[in-house]
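Labels run A, B and C following the written order; every chain starts at residue 1.
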C-alpha cells in the first residue's frame, strides 16, 4: 500500500515537473493548417524566439475555428487567410489592427492524365467550368476554411453551382482532402504550400496555376485588449510587428521547400 | 509502403530523437495520469454503485455504461467550452496545456473504470456477501476489501482505460491544440503527419505507439498472471 | 474486545452460552414459504446438530439464526441485552484473495481489534489449527481441508459466543473431517454455543449434545442426542434414521 502511494506521488511529481518546464514567456497563436503543415513555422519561429525570447505556441486549425478560438479569448494572436473575414473581425471589435503579412497562391491539382483538360484553360474560372462540364470528380474541403471559401467564390465566378455526384464535399482539412483526392483520382484546389510539402501525391499533378484570382493573402491580427484584457497583448504585439518588420519578412522569404519559395512577404 | 512504415518505425525507435522522445513521454504522462486520477474517482464510484441500493441506481448504471461510448471529440468539446476563457473555468488558463488534456481524458476514462469496476465488484460481492454480513461489516467497510480483492480484475479494467486514453485523438486535439513541443502527443502527431501526406511516418508513429501500449499491457499481464497464479 | 486479550486457552465465558429462541419464525420471500412457522429454544449445553433431509430448511435455519436472513414473520432472539458475538463457517469456505494470515488480520480489523494485536492473535489462531506453516500461503491455493481449518481459525480468532457451521465437512476427506470435528469440540469446551448442520449420522453421533430435526421447513423434533438416536419421536426422524428417502 505504501509502495503504491509512493509510486503515485512519484508519478504526479514527474508529470508536474514536466508540465511546468515550459512556463517561460510564450504566446499562443491560432493559425491555419497550411502554415503549420508546410513547415513555415518551424523555419521562422526560432528566429523570432532568438530575437525576442518569446516562444510562440501554434494551434493550427481551420480558419473558421481559428477565428472562434480568438473570439473566445483562447489565443493571444491570430494569423489566417480570409481577408474578408479578418476585416469583419476588426469591424466587430475583436481585433484592433489587421496587417497583410504574406501571400501564397492556390493551385489546381488533378490526375496526371487531366480528363477535363484544365491545363489548357486560360483562367481559373475556365478550368473549373471544364471540370464541371466533364463531370470529373472534384474533392472539396467543405469545411468553411479559408481555402474552402476561396474555392466557393471561384465556382461562383465561373457561373457553376457545384453539385452532383462528381462534386465531393469532404469536410476535412487540406491534408486529408489531398489524401482523399489522391485515392480517388479527383481534381482538388490546394494552397501551394501544403501541396509542395505534401508527400502522398500518387497520380496527382499540379495542372493549373498563375491566375491572379488564385492569390491567397495572409493577415495578422492584433486582438482587442478591451474584449480580452487577460491576453498577453504586449508579447502578441511584438510578434505582430516582427512579422511585418524587415526581419520577419526576410525570414518568410527565406523559407523554402525543395528550393521553392512558398510564401511571399508583402507587408506594406 | 507498409514495409517502408515498419522501417520508419524501427528507425524512429532506434534513433529516438529528442522531439519524438518528448512526444512519447508526454503521451505516457498524460494518459497514465488521467487513468490514475480516473481510477481514484472511478473505482470507489463503481464499488459504491455495486454496494448501495438507492433510487435511480438503474439509471446510474445505464448512464455509466452508455458513457463508455462517449465520443472523444464530444468530451473534448465539453472540456474546451469549460476551460475556454469565455467558459466557466477560463480563469484557470488551462486550455492548450497538458493539464487540459488530462482533464479531457479523465472524463473519457472515468465511465469505463466506474462501469467495469461496478461489474467486477458486484460479482465479487455475490461471492463474499454472506461472509461479510457474518463478520458484521458495514457497506462502507466492504468497499476497500472488495476493491483490494478485485485487484487483478481491476488491473485489466485499468488497462482498458489506458487503452482508451492513449488511443484517442479527438479530445486531446481539441483541448491541447497539438502545439509542437507542448501538447503534441503520439495520436495528434499521427494526425498531423497524415495531413501532410507523410503516410509512412504517420504509420511509423502508429507502430511506435502500438509497441508502447503492447509493452505496458504485456508487463501488466505478466505481473498479474504471476500474482494470480500465486494467489489462486 | 477485552476478551480477546484473554489467553485463548482460558474459557472465554465460564457461564452458560447464550440461548437462542425462535418464535413463530417464518421465511417466505416472494410469498413462497421456505421455512417455518417454527418455534424452539436452544438453551442446553449443546453442541446442537441440525439434521434433516435435503431441502428441509437446515441452512435457512442457520442463516435466520445468524442474521444473514431476516424472518418474514416472527422473531429470533437471544438471552441477554444484545445479540452475542457470532461467527459462521460455511460449507464452502469464503476466503479472501489474500494470504491465510491476511484473512485473519482482515477479520480482526473489521472487528476493531487494535492493529498492534492483530498479527499476534492471527498467528495464535493459525497455530491452534495447525496452519502456522501456511501463514503466508494465499488462502485460495490451500487444500480443501486447510481452507476449512482456516475458516475455523478465523472464527476462533473472533472469540464468538455462538458458532454456526453449515455442513462444514461435506466436501472433506476423513483426516480433514477429524480436524474439523476436533475444532468443533474445542469451541464447545471453550463455552461457545455450537450449532451445526450435517448429513452424516456418524458425525452427529460423535458430536451432538442435542439434535434439532427438520423436515419440510419445520422442526419435527428437538431432543437430547442419546434419545434422538435411540428412540426418535417423530415419524420423519424415524424414517430418516432408518435410511428411508424422506421428503
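The rule we apply is simple: contacts are C-beta pairs under 8 Å (C-beta built on N, C-alpha and C of every residue); 3 or more make two chains touch, one makes a residue touch a chain.
All of these numbers come straight from a predicted model, not from anything done at the bench.
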Using the definition of touching given at the top, classify the network of chains in this structure as line, ring, star, complete or other.
line
Pair joined by more contacting C-beta pairs (A-B or B-C)
A-B
Report the chain closest to the protein's overall CA mean, measuring from each chain's own CA mean.
B
When the centre of a chain is set as the mean of its C-alpha atoms, what distance in Å lies between subunit A and subunit C?
78
Inter-chain centre distance, subunit A versus subunit B - centres from mean C-alpha coordinates, in Å:
32
Cα centre of subunit B to Cα centre of subunit C, whole Å, reads 46
Quick check on subunit C: which residues sit in contact with 2+ other chains?
none
Subunit A to subunit B touching residues, read off their complex
8, 11-12, 14-15, 18-19, 22, 28, 33, 36-37, 41-42, 57-61, 72-74, 173-176, 178-179, 182, 194, 197-201, 228, 230
In the complex, subunit B touches subunit C at residues 127-128, 130-131, 133-137, 141, 145, 148-149, 151-152, 230-232
Using the touch definition from the top, list the residues of subunit C that touch subunit B in their complex.
63, 66-68, 86-88, 90, 94, 96-98, 106-107, 110-111, 138-141, 158
Which stretch or stretches of subunit B touch subunit A in the complex?
25-26, 29, 32-33, 36, 84-87, 90, 93, 95-99, 177-182, 192, 194-199
